[in-house]
Structure formats: structure tokens, C-alpha cells
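Shared between the two complexes below is subunit A, which pairs with subunit B and subunit C, respectively.
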Partner chain A sequence: MAREYTGFWRVLNGPQEIGRGPVFWCLFAFVALGLLGYPFFGSVFALSNLANFCLYIPMGLGLALLWGYNGVLSFGQGAFFAIAGYVYGIIAGNLLDIPGGTLLAAVGGIAASAAIAAAFGYFVFYGQVSNWIIPLLLLVLSLILETFMAQTAGYQWRVGSVLLGGYNGMTNVPSLEIGSANFGGASIAFYYLVVALMLITYLGLRLLVNSHYGHVVVGIRDDVERTRMLGYNVALIQIQVFVVAAALAGLSGILYVSWGNYINPSSMGLLAATLPVIWTAVGGRSSLLAVLLSTVTLRWLADTLAVRGGEYAFLVMGILLLVTMLFFPAGIVVTLARRWLHQKSMYRDLKQNGAP
Partner chain B sequence: MSLGYVVSLLYQYVDTIAFLLLAALGLMIILGVVNVINLAHGELIMMGAYITTLTYNRAHLPLPVCMVLSSIGVGLFGMLLERFVIRRFYDDKLGALVATWGVSLILSQGTLLVFGPSMQSVPLPAWTFSYGDYSFGGYRLVLFVIAIAAVLIAWWVFYYTRLGVRTRATMQNADMARALGVDTRHIYLLTFGAGSALAGLTGALYAPTTTIVPLMGSQFVDVAFITVVIGGGSNPIVGALTSAALLSLIATPLASTLGTFSGRIGLLITALVVIRFLPRGISGYFQDIRYRHMARVAS
Partner chain C sequence: MPASTVSDGLVVLGAKDLTKSFGGIRAVDHLDLTLARGELRCLIGPNGAGKSTLFGLLSGLHRPDAGHIVFKDEDITNLKPFQRVRRGLCQKFQTTRIYRALTVAQNLVIADRTPRSSRRKNGRLSWALSTLGLDSEGEVPAGELSHSHQQWLEICLALATEPDLLLLDEPTAGMTPEETELTAQFVVNLNRQGLTVLVVEHDMAFVRYIAQRITVLHYGRIFTEGSLGEIESNHEVRRIYLGER
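Up next is the complex of A and B:
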């Protein structure tokens, strides 16, 4: 018999996520402790690499929330990622001497992504368009933004003292600073910041999807009309979820710029727009945990393949996406987890009731 | 404002309409009949351009023959795609979107690996004419004539052939069409092939006007997607015509005064405003009006 949890634990351990038993939480704590203890024996290079893989997790989880839990597919997460990165770069580059300037820039960057998402969401969600129109228009938005940023080379394209840099991108963007701590890409502080944000995002979203609000979000995915008839403001909730997903993509964008001190237009282009969709589809969009795992794994895989040339990495990603959609429509991690849970319950039935 | 300037604006308008129609018509027919969005449409256009370029430069065939070959080749490829990928996603539009996205990545990156980053392009047929101080490329007018011809042929097939009757029956109610003996799978296969062949033709026709690169599909798909969203899939032919006419009316003056980027942004904003009020596009709106009229007549 399953143990009954109450209050906070009941919500955290709710039905909208696959890992729920004591075994899962032990493993979770083990991995979290391992991540926290890694700086004591890992090299600075390995730490910086791992931080680079993990900083994409908020973007991946945001898309899992939007697509897997709310049924709205987005090809615009790359655009929101890059908008936040660029706005952060512009504000931080102009506020170099002011203490807390980078923090203000981070808030500004996320706010810019969220604002554009809200404006876009107003049109599509209040228009009650069919679900295929939204990814299409977001793809167009990404393409237009990329073409625009790619032609901003030259001295006339600057905001304050920051050059936009055209196709070569914006360089020398200052890293995030909070008080006296500098979160540069190769620092242990940055690693801890990424790990903390990743855990907070995962647990926070887990609480969100299992709360009453989260059940309404899932209800919209399963049947828009029925949820509307039950008296919920579907368009408003969809806009809220869309804005949260865009803000999380923006958070990843700011972490990325702080890590590499650099951003260029290809990070908002066609290929960048596909990556979050691939992570979410391959892992399994109906589980935050699966998306978290696949984001890190596929980021690592792409990085390893990119040594041979970027086109190999994208070719393998495309094949992976097609194979997943054809043979594991629910996602590879989710399919395996479900199969395992199913076998476990069959085994338990067998032990309790004897052979059928 | 001289008469020459007016003619030049008209020429640009006609050029934009031809581009929008050719880029979007195939996608729209597939959306209307098969009810899926093919995100690999841009890559099918790219394939058409590559086949034309290769057959022209390597096999030295006459240009029109190359173009027909591209159209047939891409059409056959589209039928394969339908048989092995699209067929699994008839009732799952988002799934089809994501799966065809995978196809598009494989095609563009595979082309990059096989043929390299760029290719010697086909020379532009040098027909020109001038009016007043302006001189125009005659090839663009040929494109416009072909675009209109494509719409007319699609219209003829839809409304004046047995195949068209079966296709429209499938669009209206696939279950009922099946019950009356229409092989809807066959219709879907043929429609997808025809839409792909149109994409191949588009790529072939525009091959002389652009640089041939593996990612060239993306310069077609953004306008194609906007045209499809505004037109809606309820009636592909009406949708494509009205939406292309409206969009080029907006994009032509914007692009000629403020630049291509403003033109594209103008298109995106138009799309957002249109779907805010007509969520099923222009052709969906016409369909609603017709149904309302039919309901009034019936009661």
C-alpha cells in the first residue's frame, strides 16, 4: 500500500511526475549531494563543462512545462534564451561601474523575454488558435530575429556603449556579480549557482504541476473545451505558463552569457530553436525528470559530436528526434520508466495473488 | 509619381505574390487535405533547387527539363515520406510537426555533409525589358505566370475531376468518405506527393535567382508559414490566393521603403492581428459565413 503523505510532501510527491518512491528520493539526494561535493575532486575544466551542460536545464524544463503539461509546443525557446542574453549584455555593458548592475541586467533580460512572450501570447491565446499555429509563428519569430541580429554589424548598431556586433555576436559581456562574488564561467561560484538554480527550478516546477493550479494546467492539455466549461480562464492560464517558460529560457540565456561572456545570433536561429524541442521530445515531455536527464545527456552528446563538426551533431540529433517520434512517441526515458513500473507492479501482483 | 514608378511597384507586387504563392501553395494543400503541417517543406524546396542545379551543371540538360525532373523527384520523395513517416501522425498534428522537423534537420545537415556548404548556381535567363527609366527581369514575370497556372491547375483538379471530388469529400468528412468507398489513404498519399512536387517546382524555379546552400529552405518557409496561417486550411486555393494578395499588399511597400527586415516583421504582425480575429484564417472565415448562410436557408 502506498504511504499517504500530507501537505507539502503530498504536493511535492503528486501524480504528475514519474519518480515518486523512497528509492527515487534517496537517489535524488545522492545525486544532489554528489553535485554539491563534485568541486572537491573535479578539475576546474570539468566543473566549467558540467556547468555549461546544466545551465540549459531551466530552458528544457520550461518547455516540458509548456509542451508536456500544457500541450502548447514552442519553437521559440531559443529566441527567448537569446533575447534575455542580448538584453542582459546591453544593460550590464552600460552599467559596468554600478554595483549590482549585472543583477539588474539579469532581471531586465528575463523581464524582456517574459514581456515579449506575454505580448505574443495575448494574440495567439486570446485568439484561441489551433495548436499548430503557435509553434509555426514562433519559428517565424526566431528566423526574423536571427536575420535582424545578423545584420547589426558596424558602429551605428550600438546601444549606449555596447556594440551589437552583427553576425560575430556581442563580445566581452560581463559575468554576473552578486555583492563581491563573481560568477564567471570557470569559477566554482558559477557552478554552485547553476546547480542551485537547477534544483530550485526542478523542485519548484514539480510543486507547480502537482498543485491545484498545475492540475488545471494539465486539464487544459487534456481537453481545452472541458476546462473552459468548468469555468477556468484558459487563455489567461496559457499565457501565464507561456511566460513562465519564456522566463526560464531567459534564465538559461543569462547563465549562458555569464558563462561564456559572449552571445551571437545563431543562438536564436533555426538550429538553436530545435534543441530544446529535441531534449523534451527524446526524454519524454510528460516528465520533468526525464527532460532534465535528457537535457544534460544530449548537451553532452552534442558537445562530443561537435568536435567532428557541427553538422554531424545536428544530423544525429535529427535522426534521434525522428526515431523517438516514430517508435517512442512518449519519449525514451518515460517509456522505459513506465515499462519498469509496469513490470514492478506485475511482479507485486504475482507475489500477492500467486500465479494467475 | 511617374507612371514608371507605378509600373515598378506593380512589378514588385506581382513578384512578391508569385513568391508567396509558390512557397505556400504546396504546404497549404497538404494542410487542407491531409491536415498535417510539413515542417520539412523548406528542405523539399531546397531539394528541388539542388536537383535542378545538379542536372543542369553536371548532366547539361536544358533548364525546363531539369525543373520538371526536380518536381517529379521531390514529389516521389514526398510520397515516400508520407508512407513511412506522416502516416503515423494523421491524428496528431503536433507529433507530425516535430517528426517532420527531425526530417528537415536530417535533410539539411545531410546535404551539407554530402554537397558541402555551397554550390555553383544556375545562370539566370537573361530576358529583360524596360519601361521608362526602369528595367525589369522577364524571368520574374514567367514565375508569376507559372504561379497563377499552378493555382488554376489545382482549382481545376479540385473542382472538375473525379479525383477532386474524392479529395474534397475526404477533406469534409474522412470517415463518411471511407464508408462510401473512397480510399482516403490513397488520397492522402497523392495529395502529399502533389504538395511536395509543388515544393520541388518552387525550388527549381527559384534556383537561378538565389545562392544554392543547404539552409536555403529557411528563406522560403518563414513567408510560407505566415501565408498558411493567414490563409487557413479550410480551402487551400481560396486561402492561398487571398492570403498571398493581402500579404504582398503589406510587404511590398514596407520592403521597398524600409527594407526586407521591416517587410518580414510587418508580415508577422499582420499574422498575429489576423489570427486574433480570424483564428482559422481567411478561408476558415469564408467557410463559417457559408455554413451560417446554409443554416439560415435550411431553417
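Up next is the complex of A and C:
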């Protein structure tokens, strides 16, 4: 009876995600085509803004995988985002004249985040540290890194020709370049790069969570001891998932510096550590689609509120998190989707069996 | 119904001088235990006798303070639980541990294709699923199964790892007499297929149904061993375990 989750379509459309079936995939194709066609009628400003909102999606989806699917909450995604951003800035700034230098920098940035995550994960997961302590340790890691980076002002804090910049941050970070294409924040190329990476990340993680490996990842979330007692090296799998989530946060970090040519220590501060958790919780951590939607929506909302002035954005985010925790513990999108699916199945049963 | 054994006398598990203390309490005290391949053994004893601790030591959930465990001629004392499972030693826990939020089929996806079971398939799992009536419940969330079916599902998850030795910790707790008898029949049939089984059980009806050889634990030590008849006629066992004066 154990179903083999092997066929590509079967895995992609598997049970670990709420958006399934022909209607969902038609809508998905429609939205994807809309995003691809948007540059033909959207302004450069709108495109650049949308790209900025979407570049956080890999980080959000990584946290959904780590927290929603594997049960490990993290306040460290901001840190992995910023580590990759800084390392990218250092490498790219020093390899300005070398073709492919920024690409090498991107690989280096993501590798740095992944390596730090692997080292942290090794001690935490093999040490079987309690699940509720891990987010606190990660928050401490973030704040230590922020404090350290904030005091790196002055010419003595330089790596090669790149100044770390202290609290003012690292400026003039070059945008990604592949061949003759420059992926600056206001370019159509950057917009397409972000859309492509967002779709690849989403579909890739869908394949992952619905594969046999993904089922084991979910099994660890639901019962660590049982999973161990089925012969799985739980700590190793947890480290792997943690590294993937950190690498995805790193990818977002690299897109961010390529977009704005700038990064400062506040990207690993308290607020930056909390925001991905809010996006993931509000949408619903157990669904990649929900987190994707809530990341874009909340980024847009925060941006719109920030434009109006004041610190309303933070207040609204806080209230949203409270409302979600109190009334939609599974997340707003996930709760509404489940309710809709439940009503649909009741309606179908009623049609098949007649009124009770 | 007396069960027949298929044991060939070869030792599959040998525990020597096992000791484990929690604080000042010695839960398992210089205990020796030997299991022959194909044997079906019942472990009984009053509460606090050290039965579950012994299981924890065998499956690797607890590290012994002293002593050694040899499984299929290999010293597994320092191996982690997952490494022991990969060598063919799997446990069903006392409190049911299944993936409640997932369907029965998804539970089996996780349990199946583990590093061991990908190597060989002996059809034991599909036989178990149909015998226990779980094969028609693939799409049911495991948490919505009846109590007995949850217990049976956990046994099936353990079987999916293709064990050579199955540890069952109170497999019939909370079951009706009919379900207990069905479980006992099932365990006997499993054993007849060549699987070595060690069962901790309080329900004497179950023990009477399946027992070949019974080991009685008391204060972390082996109090006595023997056949069902010998144990039931042992006055001291009746006093410490069955509560007779």
C-alpha cells in the first residue's frame, strides 16, 4: 500500500502542499505568465518594487521548509541573508575587473551562509539541543553578528579594497553580471532573474517536500523518536534542511545587494530576524504557497505603510502576528484554504449521496 | 493455543552485565539476557521492574552505565538507535508513536524504503497490513484510526524496516479482549515466519496465548526464566507479580 512518490507529476502535485489539481495549476500558469508579461506594461519603478518584494521569497520559502516542514523555528534567517550579502560584497568588490567575478561572489556568498549554517547545525542537531532553544541561539548569533559589523567603521576594517563600513554599511556593491547582462535593481533583467529564481525555488521545494526525503523531513517534525527508530540519521537530515534554508536566505541576500548595491548591519538585527518569521506564520508555515503569497503581500504592505511615514509598518506587522497567533494558528492562507477544501468535499459528498 | 517455536538455537542477541541507574535508582542491575534466533520471548514483571529501561538499552535510547550488548555477533553497545535499526533491531514504543497528522499511506512512505528495506523485500509488511485490516485505510489520517489500529500501524512501521529482532513494548495496552487475541495471533504468526520477537506485556491473557518462554524481571534483575507452566506455578512469581499471598 505504501505509495511510491516517484513520478515527476505525482511528486510535484503531492500531498504536502495545499495548492493541487488542475484548477490550481491553471491559476499558477496564469500568474506566472502575468509576471513574465508585466515588463511590457509596468513602469520601471513598479517593476523594481515588485522585484524587491519577490526577492525575499527564497528566504521565506526556506524558513517554511525549516519551520513548517521540519519543525525548527529560526530567528537566524536574517543573519544568513546578511552574511551572504556581505561576503558577496567583499568578493565582488575585489574582483571588479575579472569577468564572472560577481557570479563567483554570489557562489561565495551562498557558500558562506551554508558553511556557517552547517557548523552551527552540527553542534546543535548532533547535540540534540531542545527545539525551543535553537531559535534563541540563532537570535543570539544574529545579534552578535550585528554588533560586530556595527563596529567595523574606519579604514582599518577592510578586506582587500572593500570597506566593511560599520553601521553605515557597505556601499557601492556591484550588481550581478552574467556575460553582458547587468542585473541592477532597476533593470528588466533583474526582474526576470528574480521571477525565475522565485519559480525555481517554489517548484524545487515542492518536489523536495513531496519526495520520499520530504516525507522523512515531515516525519522528523511530527515525531523525532519514531523517525530515529525507523533507521534515519535524524541529526544529519536536520542539518541538511537547515543548510538549504540558510542557502536560500543567502540567495535572497545576494539578490538584495544586487538590487540596492548596499547592505548594513540592520539586515541582521532584531527586526530583520523577526520579519521572515512573521511572513511565514501569517501565511501558514506548513504550505510553501501560503508563505510565498504572504511574503510578497506583507513586503508590499510594509513598503506602502513606510511610504506614508512613521513606524506604522512595524506596528501593523506586530498586530498581524498577534491576530494570526490568536485566531489562525495554522496561518491565514492555510486556514482559509483548508476551510474551502473542506466545504468543497462536503458539497461533493452531498451531491453524491443526496441530502442527509 | 500453544505457539510453536522456529528457533534454531543460534544466539541473535546477548546482553551481558547491563546496568543503568537514574539518579539513585538502579533501574537495570547487572542483567544478563540471551535470545535465540527465531525465539518469541515474553518479558513480565511488576511496575518499576526495569522492563522499559531494558528495552531502551537494547534499542539504544538509553546508554548503559556498564555492560555490553551483542547483536548478530556485533557489539552494538555504543551504536545510536538509527544504526541499530539499520542492523535489524526495531522497537514499537509503549505509548503509540505514529505520524498522527499524516495518512496511513504517508506513514508507510516514511517507514518504507529505509536504508535497510530497500535492499530486500520479503512481503512481510503487505501480509501484516492485510492481516490487520490496515490496507483499506491508506487515506485515513493516522490520528483518526481507532486505538488498536494505531498500535497495529506502529507495529507495521517497525516491520517496514525489515527487522531481525522486533521489540514490542506493551502492544495490547488499552485493547479489547478480541483485539488482544488478534494481536497475539498476529505476533505468533510473525514469529512463525522466522522473526525473533521480544515482548513486554502486562496482559496475562496475551502472555498465556503466545508465550514460549517467559523471563520475569524484578528490581532490574532477572528473577527467573521458564515456560508458561513453570512461571505460573512458581509461588514466588505469583507473589511478586500476580499479587498472591
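By our rule, the second predicted complex is superposed on the first by the 347 of 356 C-alpha atoms of A that agree within 3 Å, B and C clash if a C-alpha of one lies under 4 Å from a C-alpha of the other, contacts with A are read in each partner's own complex, and residues count from 1 in each chain.
The rule is simple: a residue touches a chain if its C-beta (ideal position, glycine included) is under 8 Å from a C-beta of that chain, and two chains touch if they have at least 3 such contacts.
All values reported here derive from a predicted model rather than from experimental measurement.
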- request: Pick one for A:129: touches subunit B only (first), subunit C only (second), both, or neither.
  value: first
- request: Identify the partner contact of A:353: answer first if only subunit B is touched, second if only subunit C is, both if each is, neither if none is.
  value: neither
Message: I'd like to know which partner A:180 touches here: subunit B for first, subunit C for second, both or neither.
response: neither
- request: Please indicate which partner A:228 is in contact with in the superposed arrangement: first for subunit B, second for subunit C, both, or neither.
  value: second
Message: So in the superposed three-chain picture, is A:270 touching just subunit B, just subunit C, both, or none of them (first/second/both/neither)?
response: first
Message: Taking the superposition on A as described, I'd like to know which of subunit B and subunit C A:321 touches: first, second, both or neither.
response: first
- prompt: Where does A:161 make contact in the superposed view: on subunit B (first), on subunit C (second), on both, or on neither?
  reply: neither
- prompt: For A:311, is the partner it touches subunit B (first), subunit C (second), both, or none of the two (neither)?
  reply: first
- prompt: Which parts of subunit A are in contact with subunit B and also with subunit C?
  reply: none
- prompt: Within the complex, which stretch of subunit C touches subunit A?
  reply: 59, 61, 80-82, 85-86, 90-91, 93, 97-106, 108-116, 125-126, 129, 134-135, 138, 157-158, 160-161
Message: Residue numbers of subunit A touching subunit C in their complex, please.
response: 1-5, 15, 212, 215-216, 218-219, 222-223, 225-234
Query: Okay, in this complex, where on subunit A does subunit B touch?
result: 71, 73, 120, 123-124, 126-133, 135-137, 139-141, 143-144, 147-148, 151, 270-271, 274, 277, 281, 311-312, 314-315, 317-322, 325-326, 329
Message: Could you list, by residue number, the parts of subunit B that touch subunit A in their complex?
response: 37, 39, 85, 88-89, 92-95, 97-99, 101-106, 109-110, 112-113, 215, 218, 221-222, 225-226, 228-229, 261, 264-265, 268, 271-273, 275-277, 279-280
